């Protein structure tokens, strides 16, 4: 009963419905192989949305994730060009992404600048840095080593490594969010920052941690993105930050912080991913794509809207009705 | 005093335009008294180009040679430039006639339209379904080429063009659109991508889908970016004009017009240095040369150049 | 605490401790003005082309359209909301203008269509936020895709061109010498929004709502109505900006004004408006718009690529906000 | 001066804490003894909550020592204080709505299982144990947002007890509890005493202090002014220490002439909050509304003021029948409301005093919708002077004023609209004795001028001292109405808790 009422259940239902509608026009879409492909395609969105979720839970927002992704992706490609071995590159993008996230987090934590202002600024700075590094030049498939490109697409137990990475991160995040003090701290800081202080949680430090996690995930995704699409340039993933925020919102992460789950977030990302992948397949003109995803976002927020204060229910007979 | 010619491109950092800049520098060296200002916005928007042009007008450059992001949106600004005595020509991606003195096409649009479908047909002796993966829905030249291609499609009766999709010149979107095409049309035999971003993404998508040999990717691309895919077999062949020559020619034309030793009017001929000369048609447009086809036999040789 | 002190003689409380002038001298606007003058001087020294009236006039196009929207956005942000759909509203307005033009309408009708569409978009946002109480940041991320998406549905890969000659006046015309029509609209908008925010009852309510919406409601202010009007105003100003931009470009494509929203928000925040609501001023926004115009124009004259300009704008945004905080932090040590 | 039975388990010496512009604590001392309850007494802003925050690691003292078992320590975070065995029920409920009861109780010190992960089963089990031990019948797995305010307070108490503490601090713990729960809390305090815990108990209610405390400490204006044992101490003595002077006349009710009906409410109903509310209020009358906390008095008042919409019913103001759908309409009709939650609903912090005062009167001070500052200052001056506001200037941010002065700004704001009916919701809640007298004084003055006043209060002495007539509410309905000699504490309590027969 209460399971049916949860946001996650509604979202799962909506997703099944969506798949059913698509399948009715194009049965091939729901073939396991194709669904696996959709999942793989959506992996970057899932990874970034998980990072964004943590940040939003703490009452912040990170508009710089896509720029962070692009910068880390470019650095990965440049390192590959210098012959750095892949494990080192992976470590480097994780560290660099975390460092860029930490820069955001530090400005929020130590100087108390609102996160939207900080990340609005760093978003242009990070992307601009790519330009400064490369003079705007692209790094193309033929300039990348075979192993660099092969890693995310190597198939393992029927799924590419990229998808496995997403699955692993989802699993780790699910445990972190529900079963560790840090995870609970994210909810506490967003749910009631004032009360968090009273329980010994530092609001700023927790927000900092959130930005570092979001940054590290963006860094990792940067490599995956560049290797998958085999190209790196200034504008990759341009505007992707809004997709990421949209995925979180659709997934029921409260923009005011403190509420939302990993499951919801993943489903929000998958929902967008399915729409994006299905439109060209179902034969809906690409020109409709934008309006459709905009409407999906609006419908999702209407669904997720927390009811306004339902009142205190003082009357006895009213209590029984609810 | 040095003549300052601004080479305005769609966006900085695109290999094709970097190569064009090489040609422009070559022309400047040859001419001696020319300084090239290579500039452009960082994303392919008309608004970005307008800001760039405004600052060029302010610097009172002598000539602007532009590859436009939008046929019409730049017209008022370029008109203003001409009003202030600046020579304006467009090259590669054109501007509407009111906004420039002449347009240098890399090749003629009908030739390109024919070329891209011919490239597909050449490797489809038995015919089959092909689809087009274009750039943005607003890019002038792709739209013209596809239009020209459709005009001559009747000459290739075996080839059946089933769809046109848009990858917005974004690697990931193009990749996804290419994937979508292969799913929607399981019998797809070729993807024609008349854009250097799209063709690479499509080749990558074909490789990832394990359809090398089944689906041939062709269209317009840069040898440096396509060399790997020709080698892997994802692309049998593709075409492009030489962007170095294009930048070189545009600079030469701008120079002569700004100097005043040539005029831009229908029927006029303008010398373009080592490339010979061009003749303007009734729309004050000129074509530089035929597109050149690259395949396994020659792609290596050119991939180090552009 | 002092209300418990035994002596109950009435004390005189002065109206103000600081004169408005001395307060203005210590304000954020003053700091910005100094930055603006500094950049102006630097530009004049760096480029021989800078101090040319025609060039300066051209340079105003770098910010006029964005600044018009920034005024309305400033009010919205002061009230504690935000509208990220302004770029998309421009696209939709421009598309509507284009549709009217293909139907044969002349300039006055086109203007009305632009304004009407802007108002309609603003009303749509306003209803969702003010009436249904949805968070504005996500609502407008949604409508951002929806509005621009409608433009794409209408236009697809085509464009509207061939606007009537009379229509060109808004984005390309001059009122007098180098004074453009857009510059005049910008100045008028600044004046009107200054009056509204700083000199009218409505402005006072906007501040009250931004500082404490609940207490404002408990003070008899119709909070929803004020917020709805603010969204309408933002839509209207986006409509005006759409008219100017469409007229200046002489064409409409669905990708028009992409990324405007972030630049508008940047101007507003740089202008000293608190993104959390409750404080900010129109003069601040005006100066911030000038700073942005001066920086982009100055760097443009040196042919610095746009992305490097945006790095500098990003650094300026964070720096201008961080430095005073760093300063007080260090002083407290 | 005291018989030192035991050594104090925790002592504070010379604690100084300053905030920008305020010296909240100025070298105070405090001793807590095992197995004893120490009452901390002081006016509003005396620094009681500040000392609690210093003891629990939320604030760091600028100077002074915290001595635990004779050893000087520091509490850099709330966590550190908990580890040292100090736990607190804070004045505000500081909990998390989106978390479950168990999570709220254990956040920060959850039991860990394998790999250091939180052991949820164990956590739920222990939460249930603690809740049972304090007599709270709550399901540990429900989300906090599904609980009422009293249950939330019980969760806060359970949280404080979940830490195995030697020192338990209670900052006005009974403010939000009902009679039954208060009784249970007293029992709990006894139990903790028996376990040898040291308890710091903060309250403004003297009956409560005399009932459970063993010792007392008084602060005034951030300074220590005295301490002693409860036995043999008289209330008047404590009040004098606390206020610094004698407070003789607490309820200065002046005789007023009761005039024509000013407000008539007929059959007001709300789907979930109240039902069948009807009464008449006259000019010059002070009508008291009594009830237990949560009886729904504020909900009725907020409906009268247009914040919430009644489902049925009408009001008559003077002669005309009005439908009030918004606060703007209420103000226009002449009904104004001084809310109970001053910080959230009363003052607009961030705006200067004069802008707060003129906010609902902008129509009168402006011309054609444009502001006239001179008029605003004049209006503000008139009313703030009358209320004897203390402030540095009229363009000072209200957030910088003390609570009592903020309350005066809110009252001035409403008087400036020249209302016919003023509703004061718990006007002296959390306000010290001195300020209380000022507010009461002023209320009588208003009534004497013919204004109709509704006063909602949960304090019987205040209700009895100030009202001409009392309406008692219970569970969203009017339970009884008393006038004249019927207005006795017994009658009020009996009606409020719903006992028809003999006194409880």
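Letters A, B, C and D name the chains as they come in the text, with residue numbers starting at 1 for each one.
Here is the rule we go by: a contact is a pair of C-beta atoms (placed from the backbone, for glycine too) under 8 Å apart; a residue touches a chain by one contact, two chains touch by 3 or more.
Protein names from UniProt, one per chain: A = Autoinducer 2 import system permease protein LsrC; C = Autoinducer 2 import system permease protein LsrD; D = Rhamnose transport system ATP-binding protein.
What you are looking at is a predicted structure, and each value in this text was computed from that prediction instead of being measured.
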item	value
Of all other chains, the one whose Cα centre sits farthest from chain A	D
CA centroid of chain A to CA centroid of chain B, Å	36
Computed distance of Cα centres, chain D from chain C, in Å	43
Intercentroid distance (Cα basis), chain C paired with chain A, Å	30
Sites on chain D at which at least two other chains make contact	none
Shared-contact residues (touching 2 or more other chains) in chain C	152, 156-157, 254, 305, 307, 310
For chain A, residues contacting two or more additional chains	131, 136, 234, 287
Interchain pairs in contact, sorted by label	A-B, A-C, A-D, B-C, C-D
Touching residues (chain side chain C, partner chain D) in the complex	1-4, 6, 8, 10-11, 13-17, 195, 199-205, 207-208, 210-212, 214-222, 278-279
Interface residues, chain A side, partner chain D - complex	175, 178-181, 184, 187-188, 191-192, 194-195, 197-202, 258-259, 310-316, 318, 322
Chain B residues within the chain C interface of the complex	12, 37, 39-42, 45-48, 50-52, 54-55, 57-60, 70-73, 75-76, 80, 84, 96, 136-138, 143, 166
Contacting residues of chain B [partner chain A, same complex]	11-15, 18, 42-43, 137, 165-166, 170-172, 175-177, 179-181, 183-184, 186, 197, 200-201, 203-204, 208, 224-229, 303
Interfacial residue positions of chain A with respect to chain B in the complex	26, 28-29, 34, 37, 41, 131, 134-138, 140-142, 153, 225, 229-231, 233-238, 276-277, 280-281, 283, 286-287
